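What follows are several structures.
After this come two complexes, each holding chain A, first together with chain B and then together with chain C.
Up next is the complex of A and B:
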């Protein structure tokens, strides 16, 4: 028995961390604000509702993936929709993934410019970021998995930072619960779903993970609920640290919260928090570079990994250069991509599942 | 002696087959005429002056050997004494003699320091092993000293080095394989591993890569390393260099492969991981609390060595707000009157330290002390008074230099000092953001690196929790029941229950 043959399958632990690191990204800094502006102090309930709703989508993802145990996401498209329509759908997904990546890049550079480097031109930071992601993605999925697992230790540090803020929280800020009824809470769930959009990675790489379907489903759920709890924690801390009135002004509550502390050794924890947050953004963006590159490879039937990722990176880097720090256009673009997200990350998955069901039953009927 | 001869025998075989592959059948049958034989050998050796021809039996026979390579004592003892004492009738009956009829075969034999005996009227050529050997003692290597534990070290002789390893692992599974590398230098190299523990795939990979080397000269394992490592463009060493037999044997027992070369005390170990460079033999000889503490200090030194100047530069040129109020004033007053920007200050200091280090290495020790005084007192003090570099920067750079020397491996230490430069530049241009990007590139690079198909950054990425007990910490030895997974050992179990006597012994605490 040879043990050195390169392990092509990911372990379930790596699968867990890939999902977690992909979902936790740019959104975490503004999530409390977004939730608060939609549902006031009940935003955390919206988050839970969003988490539960997504459970259904994840189940559909699993049902699709289970039917094609050895195909990746883009190969599934071709199996479900026949070759050429499948390729068309794959291309749409490539476009969608690259657009999400653009939004991430835009928001990331904007925040860095706001908080740390106000005079640095957009393209330098964007280029640095995309280079890091390209370097990581071209190392292959195994390298990514190893790296994601390793940097997850920083999540602990982030939690520790936020934990320190607990001493100044006031639970009364959460009351009254459901003051304005369920409607705002449901609307807030919309905001919550956004922050989980990375979950589609669990479908894309499902076939590359070892373990029985049931075990993998459990991993997907664990990862999902880990992220839900992580978000819930940050949201609850920011909601109880700032009063509802303050919350409506503060776009990045976590950073402002940490900014107010001063230790004997260091002041301004927010800068350290931000530094670690860059790592999380990098992992998220890398996943999208990877998915875009993988899609390109599958659509154009090529095995050349390095040029594919290079093209994917260029595709992601160039359009944002024309938007830059222009806030209105960033927001416009962001809203557009969110809308696309509902189509591609939720609605279309149901379509894929039903088409594959119908085709499956047709084939069965034909053969019997 | 028999053991040595066996080894030499196998070496002959391998070498002969490789010769066949290289220049098709170097077979030159010997002639019955002595003069023709002698003439042939003389021509092949370009009539070099140190090839000694000693006529015997009134010119009827001849004994040839390279004078600098042989031991005159041995010639007397092995050849002439038996003849004179009348133990043997003919010279070819002497034990230790081997005969052949191939003149070409005599060429490498002579070069190895053997003597060749030829007779007129006979095709048979007889040869004797009379090689002289000069060795220094197996003393402790200068660059890897330890406090406790074995104090022997490898030397420049391959056989003695193998002897040291075999003495430490007395087991039938210890396998040594010989290779000849370097078309002109014909350097002997050997790989050593435990059959049944080392992964045969990695052994095969190693053999293939060694056989692929096609150069005229091999000087040291450093040469070989660059030919066989996975990623020659990486700044990180991917094979562990050591001169310590105990370190080599411990690694062989973990399922790794050692590569030794004639003429160099340095042994390469593959596959290696990043954290192996931070393990020292001392860790295992000390109490495990101490071992753990020292190892943590060492790993912290890694962060200090590459990140400290960058962090300082980022703070004083971008993020003053990170400093608490009490510290702000001293820092500010220290750098206020410096003419240069912090990044230039740091570069000046780092370059000065490198200069001092490099000039000190090769100087005889009395002069070396002068360099220490000039470097430490004159430059360190004067540079601050002259207002070129701030006090704090001197502290930071000095700390960095010290931290970089903490690594037990010289190769990694130099790499670390090289790594500070890109980080200094990134910190000087982007502050904390630059440092984070720098570290991201570094970590991704480490994660991508592989040493003989084995992940270099194991057991951290890919994570292997059970192997962490000998990485950041050094837990008690009886807890390390399994070999580390990164070397792909075939046999995971390294020890059984070794402390079950605890349950049998009466509890002494009760009375």
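Up next is the complex of A and C:
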């Protein structure tokens, strides 16, 4: 009939950038601070530990996805847990994804308000952001993938800005290494893991990507290590730019360190950085809008994309309006969602995998 | 049609204006701020506000208004200033922040909190201590200069270029204010009332966040900078290399530093900290009226003499900073990083004046101009 209905599979390069853009988001600005408050100057070791640990989770993701090569994440639930239980689980995941999106929205607006627009009301910023994401998400996965690939050039710009700060760094600030033992470092790994929570997208869209399972696994790992190295770079620069005592005061080290640089045309590099960072937040949020919408479609068995995304967007927009700029409640909610993250993005994946293994062997046993 | 009008309406709603415009006509940009402490503990804030008047014909004229207000905190003093001027006060483009001597000796961290806390400010203002009152410095009307803010900031920039000061802005100072084991020095300015000018006296040595009262005089600041590994566009010395000549000028040699290499080794042995600062300078002689620089022997002799002289001066500088207890070489931070057990055991503040710091300067003449 028309060409628009033909669905093409995503290329592996697009898969790579979707994972990268989803993982790098609102947290990048405060990641060095969070790591530092947990593990002092050893925070970068925590980051590496977190990165290595997540390899295991990513492997489980791949093992699950490999068993159901042409089902998306929510369809897998139904295949694993039978129809109705599966739908229930899917609904929980929809709730989880929307809550992550709310946290992103809250943190994003809080930061914008703090740094650039102190007088603008919450709803305006939240609405503008969610509209952009809704628009992008309703364009479909292929459009998103192309957009994500395109805006990844901005990551280079971000790196270039941070590179400029290298001239004022001091390696001595990283020492002494492991002076207070391994405990704080392991605690810091907790902070590190949650900055990677976007990785679940690699499972959700796995079936929509071309290539053999091994090739796709490689792409997942490449994307993961790209993000780890990107984070590591920003963390190391922040830790060597600011002295340890100073780090404990500065919540957005990346922005803060760009504040004092002045060029002929750009007087405030931090504001420039911020406007590029907004794109990264938008891509992350779009992914969550997409996942929420996709979940709703699968649960309610409908093919109407636009209304589903709109409902998803409303779902994400409305609760944060009641929280607003209240720092304490934002933090409470954030902690709650992080806790949920461990359940849904880590623990539950293992359950899915084992249930699917047991059911698989049962079916085999039954048929023979 | 319906679609279009919805589209246009949405655009109207979303794209028109915003809450956070800060228009230039509504703010008074403050370019230099001075803080002084009063006897009763309150603060005096002096600001210089330039206003550009644009007339329809003829050149634009700039008038500078200087205001002094009091307050318990810098922010309160600013609010008082706001009550006196048209529009509102905006320090986000401040170029220079001056502190009176009394205030600097007390504690400067509370003054700067507002600059660090507020995202509007860009943190590349320079700091200087005024020998006397900051108010007097800002109230100066230097002739032949366009405004006191520009004068002071260019004066300070000149010192950075000539390797007299570090060029650290308030962003960099933030870490040095807070971190134990790192101290810093900022330019010290004195007021020359007869000529209505400021004079760069040297570098005021700070300990933690307070001025110690000791300073490195301006003829030694270049060496201090080089010992810290910092070199501006130009670094030159004039040293007395001999007493033998009758004509006083002939006793001196002036040279410029072409390349500097500095290295610091900190050792902790038997709970004794020793720091060796070695520095190699490659120099170009720019003025040496007494003799021809032809023979290798002569140059060698001069190298040796200059090395001795500079090492001697470096020892003087180090004696001063140890007396002031101002760890500008960040030796404390090195100890903290590489000898953490020792660092935990001692109080660095008490230890620093007693450690052994040995400077060693080696000078090598590589060029001597177009005449020999």
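Going forward, the second predicted complex is superposed on the first by the 361 of 368 C-alpha atoms of A that agree within 3 Å, B and C clash if a C-alpha of one lies under 4 Å from a C-alpha of the other, contacts with A are read in each partner's own complex, and residues count from 1 in each chain.
Note that in this section contacts are C-beta pairs under 8 Å (C-beta built on N, C-alpha and C of every residue); 3 or more make two chains touch, one makes a residue touch a chain.
The structure presented is a predicted model; accordingly, all values stated were derived computationally and were not measured.
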Which of chain B and chain C A:173 touches, first, second, both or neither: second
First (chain B), second (chain C), both or neither touched by A:71: neither
Partner chain(s) touched by A:218 [first = chain B, second = chain C, both, neither]: neither
Touching partner for A:244 - first (chain B), second (chain C), both, neither: second
Partner chain in contact with A:268 - chain B first, chain C second, else both or neither: both
Partner touching more residues of chain A, whether chain B or chain C: B
First (chain B), second (chain C), both or neither touched by A:208: neither
Which of chain B and chain C A:114 touches, first, second, both or neither: second
Which superposed partner A:128 touches (first chain B, second chain C, both, neither): both
Chain B versus chain C as contact partner of A:143, first or second or both or neither: first
Chain A residues contacted in one complex by chain B, in the other by chain C: 116-117, 120, 128, 262, 267-268
Touch list for chain C against partner chain A, complex: 14, 18-20, 116, 119, 121-124, 169-172, 174-176, 178-180, 182, 330, 333-334, 336-338, 340
Chain A contact footprint on chain B (complex, rising order): 199-202, 205, 318-319, 321-325, 430-433, 435-437, 440-441, 443-445, 447-448, 453-455, 457, 460-463, 488, 490
List of chain A residues in touch with chain C within their complex: 114-121, 124, 128, 168, 172-176, 179, 242-246, 249, 256-257, 259-262, 267-268, 270
Residues of chain A touching chain B in the complex: 2-6, 11, 13-14, 112, 116-117, 120, 125, 128-129, 132, 135-136, 139, 142-143, 145-147, 149-151, 262-268, 271-272, 274-276, 278-279, 282
